[in-house]
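These notes concern the structure reproduced below.
The letters A, B, C and D name the chains in turn, as written, and every chain counts its residues from 1.
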Amino acid sequence: PAYQAEFDAKIAAGGFIEAKDWMPEAYRKTLIRQISQHAHSEIVGMLPEGNWITRAPSLKRKAILLAKVQDEGGHGLYLYAAAETLGVSRDELYEALLSGKAKYSSIFNYPTLNWADIGVIGWLVDGAAIMNQIPLCKCSYGPYSRAMVRICKEESFHQRQGYDLLLAMMRGTPEQRDMVQDAVNRWWWPSIMMFGPHDKDSVHTETTRWGIKRISNDDLRQKFVDATVKQAEVLGVSLPDPDLKWNAERGHYDFGAIDWDEFWNVVQGHGQCNVDRLAARVKAWEDGAWVREAALEHARKRAVREKDAA
Amino acid sequence: PAYQAEFDAKIAAGGFIEAKDWMPEAYRKTLIRQISQHAHSEIVGMLPEGNWITRAPSLKRKAILLAKVQDEGGHGLYLYAAAETLGVSRDELYEALLSGKAKYSSIFNYPTLNWADIGVIGWLVDGAAIMNQIPLCKCSYGPYSRAMVRICKEESFHQRQGYDLLLAMMRGTPEQRDMVQDAVNRWWWPSIMMFGPHDKDSVHTETTRWGIKRISNDDLRQKFVDATVKQAEVLGVSLPDPDLKWNAERGHYDFGAIDWDEFWNVVQGHGQCNVDRLAARVKAWEDGAWVREAALEHARKRAVREKDAA
Amino acid sequence: MTQRNTAAPGHIEYVLRLGDNALILGQRLSEWCGHAPVLEEDMALANTALDLIGQARLLLTHAGRLEGRGRDEDQLAFLRGERDYRNLTLAELPNEDFGRTVVRNFLFAAFQVPLYQRLTASSDAELAAVAAKSLKEARYHLSHAGEWVIRLGDGTDVSHDKAQAALDYLWPYTAEFFAANPIDDAVSAAGIGPAWHNLEADWEAAVVPVLVEATLTVPARTPFASYGKFGRHSEHMGHLLATMQTMQRTYPGAQW
Amino acid sequence: MTQRNTAAPGHIEYVLRLGDNALILGQRLSEWCGHAPVLEEDMALANTALDLIGQARLLLTHAGRLEGRGRDEDQLAFLRGERDYRNLTLAELPNEDFGRTVVRNFLFAAFQVPLYQRLTASSDAELAAVAAKSLKEARYHLSHAGEWVIRLGDGTDVSHDKAQAALDYLWPYTAEFFAANPIDDAVSAAGIGPAWHNLEADWEAAVVPVLVEATLTVPARTPFASYGKFGRHSEHMGHLLATMQTMQRTYPGAQW
């Protein structure tokens, strides 16, 4: 139909689709799934870092971490709002998370085991997220694109703070340096996996055609590895991959084979924290039911009073 | 009537009343009240000490404290069992505690604020309890008397362990000695108050006539003070009473005026931990309801099966 | 620099009380992270915690300078013994549920607002500056928590009962806010800050109308007394400190 | 004395695993004190904790002697870093409710019993003596917890669901009991104790019939893996250690 042609033309011209524009149902569904997964990831992602707020070793670091986790809540809010422009409600999306129907980023099913994990999450996990997200700033759906611009800016800030935390620890005692190395050993491969399956095994070809996804998984992953190896050198940590080495011919770093069994195990629910993460979110939601009901009931009472007074 | 005469004669002869013997209703009620209060005190008394089990500074002390708290649960059990011989159920008594109708010893409404509190509770609180309880080993009600014999033996053991804990701390660092002195400062007066109001203000004269109470509050208190002052000297702590001094004429230590306002405030619910102590016990009881129901239901199912099989 | 040798012990203690209130309540609120009833409140509680930790940093840094023994904010925050903390007992109580959390935030912010207001005119210029910055934050906390007190109190039957229970539980601890003591009088005479017992009328004026609008019953005063600001804390404090201090105690001397 | 210089690292590690299991589960169970559903269980849980702490004392003392670096039971219990604890992850998980607590005690005791049984014949005479003493305790724990698993599983609908949920939650962590590793093989070859992967059949034989009687569904094995016995713990461990170590970390060198 004419609508479809107009949509295709806009995409082809690199223009933005807005909430009120016509869009194919599959495009809408794909976006809802992707944006809400991203929102859920922000929300669940508050937990592994939140685990260390009460134990942060200095007031400055405690404040930085609090601010960061608060930002993640904010990202969740923008993203739910972006998803809502597509005709779903936040509660609906959230219930899908809590019931286990909707996914969130698998990376948050790994535990935060020492203070350096907080730095490494900033450096590697936020770093990988940024690589993934920068192309989304130009994605074809306007509200999502604009949310991503804002989010990417804050994520870069978080990444620098994480790296700074690690630099401080590497300048410290042998115990502190061991913590950093231990954290890097645990988070390196999961970070690499954040870019998803290899292009040859990847199924979301429509998202490329629609201008949602603009760079392939493997290209992003390579870009991340190339950028990170140098940062690791500056930091003075080794990356846990014996096959990692510069390939002058390709102009890139080669790296070892990814353990995709591990990746799919975690995606399918068998990571170390899948159960605890979801349980924490479900408990918060259930424990808070009376609060949400009270807020609704109070708003209702107030509306009645205002109507009576009018 | 004849029963009453027989009862009176037995009391007068220093004999024991047993569960199956006739007894005046008031005697029964008084005993139920006193024994159940005592049982409740053991149960609530697990909380202030339990507060330190997870933080005990050595494995030996952790084991001693666990064993002690377990003993207190055991005392609670003997005492509830003794009360049950008077025709009430444990659940009935326990519900009276949880609803706030029944009392427990006010001493457990004070907080345990440092590790030395655990030693001081053994030394002073258990010490005062023993002074109060030794005469009860000869009280006129047989089941209560026999429970008290067993309890007093264990309490003496606890008292020695508490004193030993304090001796070890007094041999330690200045910080450890400060902790002991701080704990003594906080627990001394409440321990003194454990003997209850002065004789002239005390109302339970019937309990003396019935052979339940055999020594007066003030006499027990004096005995406690006399014994404790010397122990404090050996320990090397000062007792927080400027009026405390040997009175050669009386052959006893004189001591300062007791702040009875403080005593009655705590009895009436305004101590630092009254609300928290009862809340902890209520929460344990409510959280455990499904467990007790399960045990009953399983027993019922099993009985039905055994009957069917028979 | 001259302050170093001239600060009276009461002055240092007064600033420690302010700093420790912010530190310890900030620590408690930070436990909420990721566990609030709605996302907006996850953020609001983290934000309040962040404001309070920020206040604590300024106040403890200042207290350390007044003391002149070279202790910085982290040494004061993480390396004191329990009896050397000077926060109000109210600040260290467990969060329990969202009801008790917002009622506490409300009762506390209603105390911080008039206190910081007066402190903006402190003879201690550094303290006056911190108070001016923090006053805006405290006002926001008061308004935000006050709105929740009204929503919960005048919400459902369940929320009303929970809000009332929270108020009944917390109220006795507010007597400590105003408990008279010599250091307050000395500090007040020196123009450093108000004696806290003079703040009770302002506090009530902020608190009572909101409780009334929330259809809650204002509890009666009782003889209950707590002593956190004098260094004698509740049983909860030791557990809070075990968590908060764990890294600094386990890795003494490390920089982070 | 000759042991001091001859104990293989695997031998020390093996004994540490045994000691840390007892220590960490004992620590968790001691949190129950005063909070159990009935008085008898308050006492039973305290008693189990006490038995486990007793086992930990003997085992850690022995590990310290084998190590020969002068560390006593308290230095090992309270002054190691998290990665140096060798307990099974299962032991450090939060108690949650009474259901999860007794199901864990059951799954763990069913492992301890055949382990201690074999250890009574250890070539390490000290270890054999500890195992002989502890075996009786473990047998009692197994029987007591097993009875509760049956009561809860075959009780009300609510208790059945809670027991099943507890089992489903805990089951994946039991794979770690039997995870093969070189030190087990070395220790086993030296006659010190069984390789843990050889205990699975005995464990299942103890566990499955009780679960069946409790009308519970035995969960399937999944790829989930935990690594506590190799020193890589869960997020819960750091919080447990913050509490357990607080006194020793805060007052270094003090004797208690």
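Quick notes on this structure:
Here is the rule we go by: contacts are C-beta pairs under 8 Å (C-beta built on N, C-alpha and C of every residue); 3 or more make two chains touch, one makes a residue touch a chain.
Small disclaimer: the values here were computed from a predicted structure and weren't measured.
Here the chain-to-chain distance from chain A to chain D, counted in touching steps, is 1.
Of all chains, C has its CA centroid at the greatest distance from the CA centroid of chain D.
The greater number of contacting C-beta pairs, out of the two interfaces B-C and A-C, is seen for A-C. Each chain gets a centre from the mean of its Cα atoms; for chain A and chain B, those two points are 57 Å apart. Per-chain Cα centroids separate chain A from chain C by 35 Å.
Chain C and chain D have centres, each the mean of its CA atoms, that are 42 Å apart. Those residues of chain B in touch with two or more other chains are numbered 55, 175. In chain C, the residues that touch at least two other chains are 81, 238, 242-243, 246.
Taken as a contact graph, with one node per protein chain and an edge wherever two chains touch, the assembly fits none of the named shapes, being neither a line, a ring, a star nor a complete graph. Here the chains touching each other pair up as A-C, A-D, B-C, B-D, C-D. By the touch criterion given at the top, residues 81, 238-239, 241-243, 245-246, 249-250, 252 of chain C touch chain D in their complex.
Every residue of chain A that touches chain D in the complex is listed here, in rising order: 48, 51, 55, 111-114, 175, 182, 186, 261, 265, 270-273, 275-276. On the chain D side of its complex with chain B, the touching residues are 23, 27, 30-31, 33-43, 46-47, 49-50, 53-54, 56-57, 60, 73-74, 77-78, 97-99, 150-152, 154-156, 158-159, 162, 243-244, 246-248, 251, 253-256. The touching residues of chain B, counted against chain D in their complex, run 43, 46-47, 50, 53-63, 66-67, 69-70, 73-74, 76-77, 80, 115, 165, 168-169, 171-173, 175-176, 280-281, 283-285, 287-295, 297-298, 301. Looking at the complex, you find that chain C touches chain B at residues 81-83, 169, 172, 222-226, 232-235, 237-238, 242.
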